[in-house]
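You will see chain A twice below: alongside chain B first, and alongside chain C after that.
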Partner chain A sequence: MTENVNENTEAKIVAMQREQGPLLEVKDLQVDFTTDDKRAVHAVRDASFSVYPGQWVAIVGESGSGKSTSAMAVLGLLPGTGHIVGGSIKLEGQEIAGFKPKEFDKLRGSKMGLVPQDPMSNLNPVYRIGTQVKEALKANGMDVSHEKRSALAKALAGDEVAVKGNDDETFIGSAQLPALLEDAKSALTAIGVSGEKFDNVMQYFKDEWVPGSETRWRVADDLIKAGVSDDKAWEIAKKHVTGSTMEDRIAGLLSEAGLPDAATRARQYPHEFSGGMRQRALIAIGLACRPDLLIADEPTSALDVTVQKKILDHLHMLTDSLGTAVLFITHDLGLAAERAQHIVVMYKGQVVESGPSLEVLQHPQHPYTKRLVAAAPSLASQRIISAKERGEDADALLEHQVKGEATLEKSEHIITVDHLTKEFKLPRKKEMFKAVDDVSFSVKRGTTLAIVGESGSGKSTVANMVLKLLEPTSGTVTYEGKDISSFKGKELLDFRRHVQPVFQNPYGSLDPMYSIYRSIEEPLRIHKIGDKKSRAKRVRELLDMVEMPESVMTRYPNELSGGQRQRIAIARAMALDPDVIICDEAVSALDVLVQDQVLRLLNDLQAEKGLSYLFITHDLAVVRQIADEVVVMQHGRLVEHATTDEVFDHPKMQYTRDLLDAIPGGKLQLGLD
Partner chain B sequence: MSDNTTIHDVAVLPGQERFVAPLDETPLQDVDKVDESAPATSMWADAWRNLRKNPLFIISGILIIFIIFVALFPSVLTKTDPNYCNLDNSLGDPEAGHPFGFDFQGCDVFARTVYGTRTSLSVGLLSTILVVIIGTLIGAVAGFCGGWIDAVLSRLNDIFYAIPMLLGAIVVLQMFKTSTSIWKIVLVLALFGWVSTARIARGAVLEAKNLEFNTASTALGSTPMRNLFRHIIPNSLAPIIVIGTTSLGSYIVSEATLSFLGVGLPTTTVSWGGDISNAQTNLMTNPMVLFYPSVALAVTVLSFIMMGDAVKDALDPKSRTA
Partner chain C sequence: MGKYLLRRVLQMIPVVLGTTLLVYALVFALPGDPVKAMFGDKPVNEAVAAQIRAEYNLDKPFIIQYLLFLKNALTLNFGQTFAGQPITAEIARAFPVTIRLGIMAFFFEAIFGIIFGIISGLKKGKWYDTVILIVSLLLISVPTFVTGFAGQYFLGVQWSLIPVTAGNDPGFFDLLFPAMVLGSVSMAYIIRLTRSEISSNIAEDYVRTARAKGMSNKSVMVRHVLRNSLIPVVTYLGQDLGALMGGAMITEQIFNIHGVGFLTYQSILKGESNLVVSIVTLLMLVFVVCNLIVDLLYAALDPRIRYA
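After this line comes the complex of A and B, so read on.
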C-alpha cells in the first residue's frame, strides 16, 4: 500500500464515511434454525456489526460460528428452516430484516452482491460464462453502456478529473476502439511524442482501454496525462467513446475481474475454467450491477494460496476503485487482518470481539480471540515445541536430547526417493503427462520432511508412490535401504505395517459403516495381531493417545467432527506402531484451532515415539510449525530443498518466494502478550 | 505495513469501536470437544429410527406380518381343504363355514384364498433373494473389476434387458409345462430379474470403490478382495435393499400373471393367479369369486411396495419428496 500518497484520500474517505453513516448496520441480530423435531437452534445470537461505504470488514470464526449465517441473513438468503427472530438489519438506514423475498430480490444484485464460497458448484455447467454474466445484468435491468459509480467513488474520482455529467461515464465500444486508438496516435504525433515514449504510451492505451470497462472521462484523462491538450482530449473521447454493447460489457466485466482474453473466455463453459478463473467469473457476476456492498463468503478457501493472493489483490483494487464495501467472511484470522480494516470475531453464534484489525490482532482480549491468534499458522513464527520438550520433567528433557543427538549421529535415511518419475496417459492425447519429474529426496529418521506445492504440483502422487499405492514410471523408493518395488506378500505386509498414511479427507478415509472401534481395530485384524481382548485394550490405549474419550468406540464417523475423525485416522495409523507416517494434506480441511490441535498431537507423538513424517501440504504456514526440512515442488519438479529455516529466511527460488508472500498475514507484526 | 503505522491513526468510525464480549456470555469450550450426550447412531440405527416413526412402515409391517402368518399357518384360519371340491356347491353363495362362497368347481373360495398366500409369498421372497444374490454378485464383479470383465458383463446385462420379462418367461416356461414345483417360476423370474439389480449394484460399487477409505485400507495392508467384501459391498447395500423390497411385489404379480396365462403353476397348486384365471369365465354372473383372490393379491403387493418405499425413505433420505 502506498500510504503516503494516499493519506489525503484516506482522510477524505473517512470523513465521507462519517458523514454518510454506515452502509450496513446489523444490531442484535438473532437467527434460529428449526430442527426436524421442532427444536430451535440459535445459530446467531445478538450479533452486531456495521460496514461503512468503501470499507472492508471481515467476519472471522470457525465453522458453525454463525459467520456465514449472519451474512446470508443480510442477503435474505437463509437456507431452509432458518429465520430471523430478532434484531435489525439496516441497509442505508432502511430496515430490511422483515423484507419479503420479492423485496430482497430487488436489493440483491443492485445493492448487495455475493461472491459465494464454492466456485465449482456456483456456476451453471450448461451455460456459457458470458450468458451467466448477462443474466445478472439483465435481471437488474443494468444500463450496459454507462458505468454506475458509487457516490464515494465519484467523490474520489472528482479529485483528479472533473466529471462532466453522466455521459462521461460512457464505456468504450469494441467497434469504436480501432478508430479511437488511431486518433490517439495522431494526437500524440501532433504534440511531438515519438520514439520509445510513443510506443510506451500507445501500449499503455491499448492495455488500459478495455471495451465495456473503461469510460470516456478516463480516456480523456489518460490523453491529458499523456500531454494532449484538454480540449483535444475531450474531443477525441467524445467522438469515439459512445457506449458499449452487451457483449463488450460482459467482456469488460470479466477482464475487470482479472480474466485475460475476456471476450473469448465469455464464450466458454465453466468446465473449461480452472478454480481460480471460475472464482474470477463469480466476482465479475457479483460486481456486475455495481452493488454498494459485496458479500464475499470464503471466496478463496478452495483455492491455492498464490491464486488466493492474486484474486484478493485484484478484488481489493477493483472494490477500491468502485467504492464498493466488502463484507468478507473467512476462517483465517491472518487473512482477515491483512485485508480488512475492521474485524468481527464470532464464536458459537455470538460476536466475541470486534475492532480495528491490527488492534484486535496485536492485543486480543477475549480468550477465544487469543486462542485464535495463538493457533493461526500464518502468524506463528516457529516450530511447535513438543510436550516433552515443553515438559518440566528434566529427565524427559534429557532423554529427549540424548535421543535427539543419537538420531543425529546415526543420521540414517529411513525413506529415500531417488529420481522418481511418474507419467500418466491423458485421454485423447498422444504425449504422456509427467505428474512427477525426476524427484529425489530423503527423510531422516525421527524428523519431518514437508513437500509443499500447489494443486497439480505432483506432491500427492509422490506420497502415493512412497506408500506403494502407485507404481513409479521410473526411479526408486527405498525404505530402510530396501527398494519397495520388489515387496510382495509378507514383505509388503511388513512394509504396510511400518509405513502408515493419514489422508486429507477425514470424511472419506473412514468407512461410514464401521464403528470407531472397528475402524481402529481394522489394521490389527489385517495383520492378525493379538486376540479380541488384547485388541480392545490396544484400541483404548490408542484413543487415549489421541485424546479421545473411550465412549466414542461405539460411535460412527458421521457423528464426529472433521478434527475428531482425523484424530481417529491418526489413532488407526498408530495402531501398528509404525516408523513412518505419511500425512497427505492431513490438516488442510480443518479449522485453525482444530488444525493446531492435530499438529500438536502429531508433534507430541513424534517426540514420544521417534516417528518420521512425510508431510504433504499446500500450506507453507503449516510447514513452519511442523517440518524440519522442506521440499518445494512445482509442475512435478523439485524446485527447492532445504531446512525449514533456510526456506523461510533465505528462499532461493522465485517460486518459493511467491509461495511465502502468499501466506496471508505473514507480514503482520504481532505483539502477543 | 511498517511499524510507525501500528494501530492506525485512522479515526474509528461510530459503531466500530473496540468491543469485547463479557466472558460469561460465551464460555470457552475445549477445542473440538466430543459431544457425548447424543445417542450413538449408525446408518442402520438411523434408518431404523426413521422407519419406526413412518406410518407407511407400520401399516405395511403389520400387514406383512399377517400375510406371513397366513402363509405359515393357513389351517388356523380355515379347516376346509382348498382342494376338496364338490360340484354340488358350484358357484354357491356364502354360507356358514364358507364365508366367501364357492367357485365354479365347487371349491371353497376362502380356503383357496388363504392357501394361495403361501404360493405367492414363497415365489416373491425366493425370487427376490435369488435376484439380489445373482444381481449383486454380477454387478459387484463388473463394477469392481472394470475393464473387459465389466464390458462383457454389461453387454450380457444389456441383452437380458432387451428381452421383456414376461415374454421371456412364457417362452422358457413352455419347456417345463409338466413340472409342478414353484422353483421353475422362481428360477425364471430370477433369470430375467437380475438385470436391474445388477445395474444398480454396479453403480453403487463403482461409487464406493472410489471412496478414500478403500485406499486407506489398502495402505493398512488389506487386499483388494478383502476391500470388496469388507468395505465396498457393505457400502453399496442400501440401494440394493431398496430395489429388492420394491420389486418383491412385482414378482408376486408376475407369478400371478404367469399362472393366469396358464404357463405358471399347474391347477393342482393353489395360487391366486390360477384362481383369478379360472374365475374370469363367470365374471358376469359371479364377480365375487374373482374379487377375493384379486384383493388378496392387491393387498399383498401393496404392502411390499409400501414397505419398499418406507425403506427407501429411511436409507436414502435425499429421495424423500417432502
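After this line comes the complex of A and C, so read on.
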C-alpha cells in the first residue's frame, strides 16, 4: 500500500493508458429531466470526456452545472425523471448508455464504484458499518480471502516483486496473525536482529500486516527486506497467510480507508461515527470490490477543510496503489487542480473547457473558467480581487455567451431607472411631498451600484420602486429592458424571482414563528421549485453558501445574532438564484466586524454567481468596500453619479465632500484585504 | 436497560392510581341510582335498598368507596356485580373473546395494510395506487358503525354469507367479518403510512449508495427500502394492538360479541362502578404494557434509539 509511484512507473502508466485506450469514454452525452408538466429540462448537453486507467479526472462546475448528473448517468443511477436522450457512454469499449437496470447491477460495485457526496445521508442508519461493507462484497460475490488487482496495479506491483500466482494475493487472517508475528520474531532472532532495530521492525510488521488487507507476497516482501532469506520468508508467509474471513476483510477494507481500530468500528452504527469517519467507511464501500473506476462525487464537500485534506490524501494514495481511475467531481477548481491530472469544466450542462490541470489553471480560456479561477477558495492569493476587476470579468462573460443558451442579446444594464419620481400626500398639507425627484441611473450587469444619502434622501423609496413594492408617480424602472410597471401574473412572479431584497433590519425581516429552514425554503415553495427533498438540499447548500452550519435549520430567528440573521436573509434572497439583489441598508444594523464578514460574503457571492447589487446605504465606508459605482442622493434628488474611485478621489459636490468627511478615519485606506 | 424497565414499571403506579380515581369519579357522577334501577317497574323497598347499598358500600362517601375498592383490589378482590357474580369471573369470560377478535383484526390490518401500502408506495401515481388511496380514504372517513351495519345487513341478512351475530363463545368464522370491520380503519392508516414511508425512503441517498454497491433491485428494496420503511409502521401496529385489546365497543355491540367492549358498555348502563373501574384498570395496564413493548421494539429496530 505504501509503494511510491516513481517517475519510471508514471511513464509506464502513461504508456499503458495509451495502449489500452480510455477506461471510460463519454461522448456527446445528453441527459434530460422531465418536469411535472412534461417539459424536458436539459441537464447535460453534449458533454464529452474520457478517463484513462489509473487517471484522476476532475469535473468542475457550480451546482446545477450537470457535473453530478453526468457522473450518475455513467453509473446508471440518474435520479427521478432523469434519462439519457443521446450520446454514448463506453466503459472499457463497451457501450453502456442503453443498459438495463439488471445489466448495470453487474457493473456497479465491481467495475464502477461510488463515493457519494454527503456522508451523513449515504449510510443506512439501521445497519452496522461492517454490514454495509459486507453488502458490497456479497452483492458482487467477492472472494474475501484474495486480493483482486487491476491489470494496472499488477503491472506496477510486478516492478517490485514478481507476483507468482493467485495464492500470493491471499490475505492475512486475524486468527493466524499472532502465529505469523511469532514466527517472524523467531526468524528475525535467528538472523541476529536485535535491540532497537528488532523492536522497530516488529512494530513495522504489526502496523503493516493488517488482516484482510495485506497479502502473502507483501508479508514475504517485508520479511525479505528485513533480512530474512527468500526461502524462509516465503515459507513463513505460505504457512501463516492462508486467507481471511469476511470479518477480517471488512476490517481490512475499513482500515485501508484510514479508519483506526477497524474491527471494532465495523460493529458500530453510522450515528456513532463522525462525518469524516463515515466518509472513510463510504470510501471503503466504494473500493470494496476493487472497481477500475471510482466516481467520487464531491466526496469531501460536507467535511471541514482539515479532514478534507486527510481524506483526499488517503484516497489518492489508495487509488494510486490499486490502480483505480477516479472521476472526481467538485465545485472547487483549486482542489481539482491539486488532485487531478485532467480537468473538465462544466457550465450549464455543457463542457466548456477541458485539458491538463495546470494548463486549465494557468491559461483558462472560457470566461466561466476564468471566473472559477478567480473564485477558487484554495487559490488564496487570487481570491479577493477588487470589485472593479470582477466587473470586467462579468462583462467578458457576456461576450462569450455559452453556446446554446438564449442568444437573445442581453443589455449591459440589468436595471435602468429613468426619470423616476415619487410623490406622497402628506396629511393636512395641500402640496405633494416629492420623496424621489427625477432620478435616473442604471445598474450594470455583474456590478454593484450604491445609492448613498442620509435618511430621508429618498434612497429607500427608490429601492422599493425598483422592487415594484411602490408604484412611481412618474418615470420608469426597466429590468432586462422591460418596463416593470407592466409586469403582471407570471411575468411579475418571474421578476420577483430574479430580483431579491435583503432588508435593513435582520430582526424584522425574518418571521419569528418560522424556523430558519422554513424561512429559507419559503421562496422555493412559493415558486414551486423542486420537491421537498430537493428543497431541503437547496437549503443546505444555501446555508453552506453563507457559511452557516446546517444545525441552524431547526432554530428560530431569536436564537441567532444579528449578523447570523442577515446571513440567513441573504441565503433566503439567494434561494431562487436571482440576478439582482437589492440590499437596503443590509449591513447598517451590524457591528463593524460582522459588517465586514457580510460584505465579504456578498463580494464572494457576486464573484461566484455574477450577481448585480443595488446597494443602499448611508455609510460611504461600506460603499468603498463593495461598490463599483456610486449615486449620491439628497432630498430626493440625484446630486452626483460616478465610479467609486472618482467619488472618493474627486468628489464634485459639497454634499458628497461632507459625507466623505463624516467617515470615521476616512482618510485611511480601506482596502478589501 | 434494566434501569429503564424498572423506571417504566414504577411510572405505571401513578398512572394506575390516577386513572382508577378518574374513572371511579366519572361512574359515580353518572345520573341515576343503580339500586333503584334494580327494582325495575316494582315499587322500591327502602329497607332492601338500604341493605343493598350497605352491602356494596354505596351509602358511604365517594372517596371512602374508592379507597375501599383500592384496598380490595390490592388483595385481588375486585368484588361482585349486582347480580352476585364475582367481577373476576365476568372479566375472565369476556377477555378471551376480545383477544381473539383483536388478534384477528390485528393480523388483518397488518398484512393487508402493509401489502397494499408497499404496492401503492412502489407504484406511486399508477392507477392501482389511486384506487388504493381512494379506498383507504373511504375507510378512514366512514365510521365503523356504518361499515359494520352495512356489511351485516348485506353480507349477513340479505346474502347469508356471514353469520349475522357472533353470540356466546364465537369461533373463527363468526369473528372474521367483525375483525375486518374493526381493523379496517387502522388498515387504511397503515396503507397510507407504508406508502409515504416507501416513497420517501426510495429517494434516500443510502438507497442510491446501495445500488452503487452493485446490489440487485430486489435486495435493495428489501434490505434498505422496506426495512427502514417498516419502523414507523411497526410502532403504529404495536400501539394499535393495545387499542384492539381494549375491545371494540361499537363493533362488539353491532355483532353481539360478548367481549370486553360489550361488557364495559353494559356495566356502564347498570352503573356497576366496581366492574367498570376493574375493566378500565385492566385495559390501561394492557395499554401501558403494549406501549412499553412498542418503545422497546422501536429501539430494537432503530439503533439510533437507545434507552438508558
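The rule is simple: the second predicted complex is superposed on the first by the 376 of 673 C-alpha atoms of A that agree within 3 Å, B and C clash if a C-alpha of one lies under 4 Å from a C-alpha of the other, contacts with A are read in each partner's own complex, and residues count from 1 in each chain.
Definition applied: contacts are C-beta pairs under 8 Å (C-beta built on N, C-alpha and C of every residue); 3 or more make two chains touch, one makes a residue touch a chain.
For clarity, every value in this text was computed on a predicted model and none was experimentally measured.
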item: Which superposed partner A:Ser110 touches (first chain B, second chain C, both, neither); value: second
item: Which superposed partner A:Leu75 touches (first chain B, second chain C, both, neither); value: second
item: First (chain B), second (chain C), both or neither touched by A:Glu135; value: second
item: Touched chain A residues, chain B compared with chain C; value: B
item: First, second, both or neither for A:His366, with chain B first and chain C second; value: first
item: Which of chain B and chain C A:Cys289 touches, first, second, both or neither; value: second
item: Partner chain in contact with A:His342 - chain B first, chain C second, else both or neither; value: first
item: Touching partner for A:Ser121 - first (chain B), second (chain C), both, neither; value: second
item: Touching partner for A:Ser515 - first (chain B), second (chain C), both, neither; value: first
item: List of chain A residues in touch with chain B within their complex; value: 1, 3, 10, 14, 17-18, 21-22, 25, 50, 52, 341-342, 347-348, 350-356, 358-360, 362, 365-368, 371, 467, 469, 492-493, 496-497, 500-501, 503, 505, 508-513, 515, 522-523, 526-527, 548-549, 551-552, 554-556, 558-561, 563-564, 569, 572, 576, 593-594, 596-597, 667-669
item: Sites on chain B touched by chain A in the complex; value: 1-3, 5-8, 10-21, 23, 25-26, 28-29, 31-32, 34-36, 38, 40-43, 211-213, 215-222, 226, 231, 234-235
item: Contact set on chain C toward chain A in their complex; value: 200, 203-206, 208-217, 219, 223-224, 227-228, 231, 301-304
item: Chain C-touching residues of chain A, taken from the complex the two chains share; value: 75, 77, 79-80, 101-102, 105-110, 112-114, 116, 118, 121-128, 135-136, 139-140, 269, 271, 282, 285-286, 288-289, 533
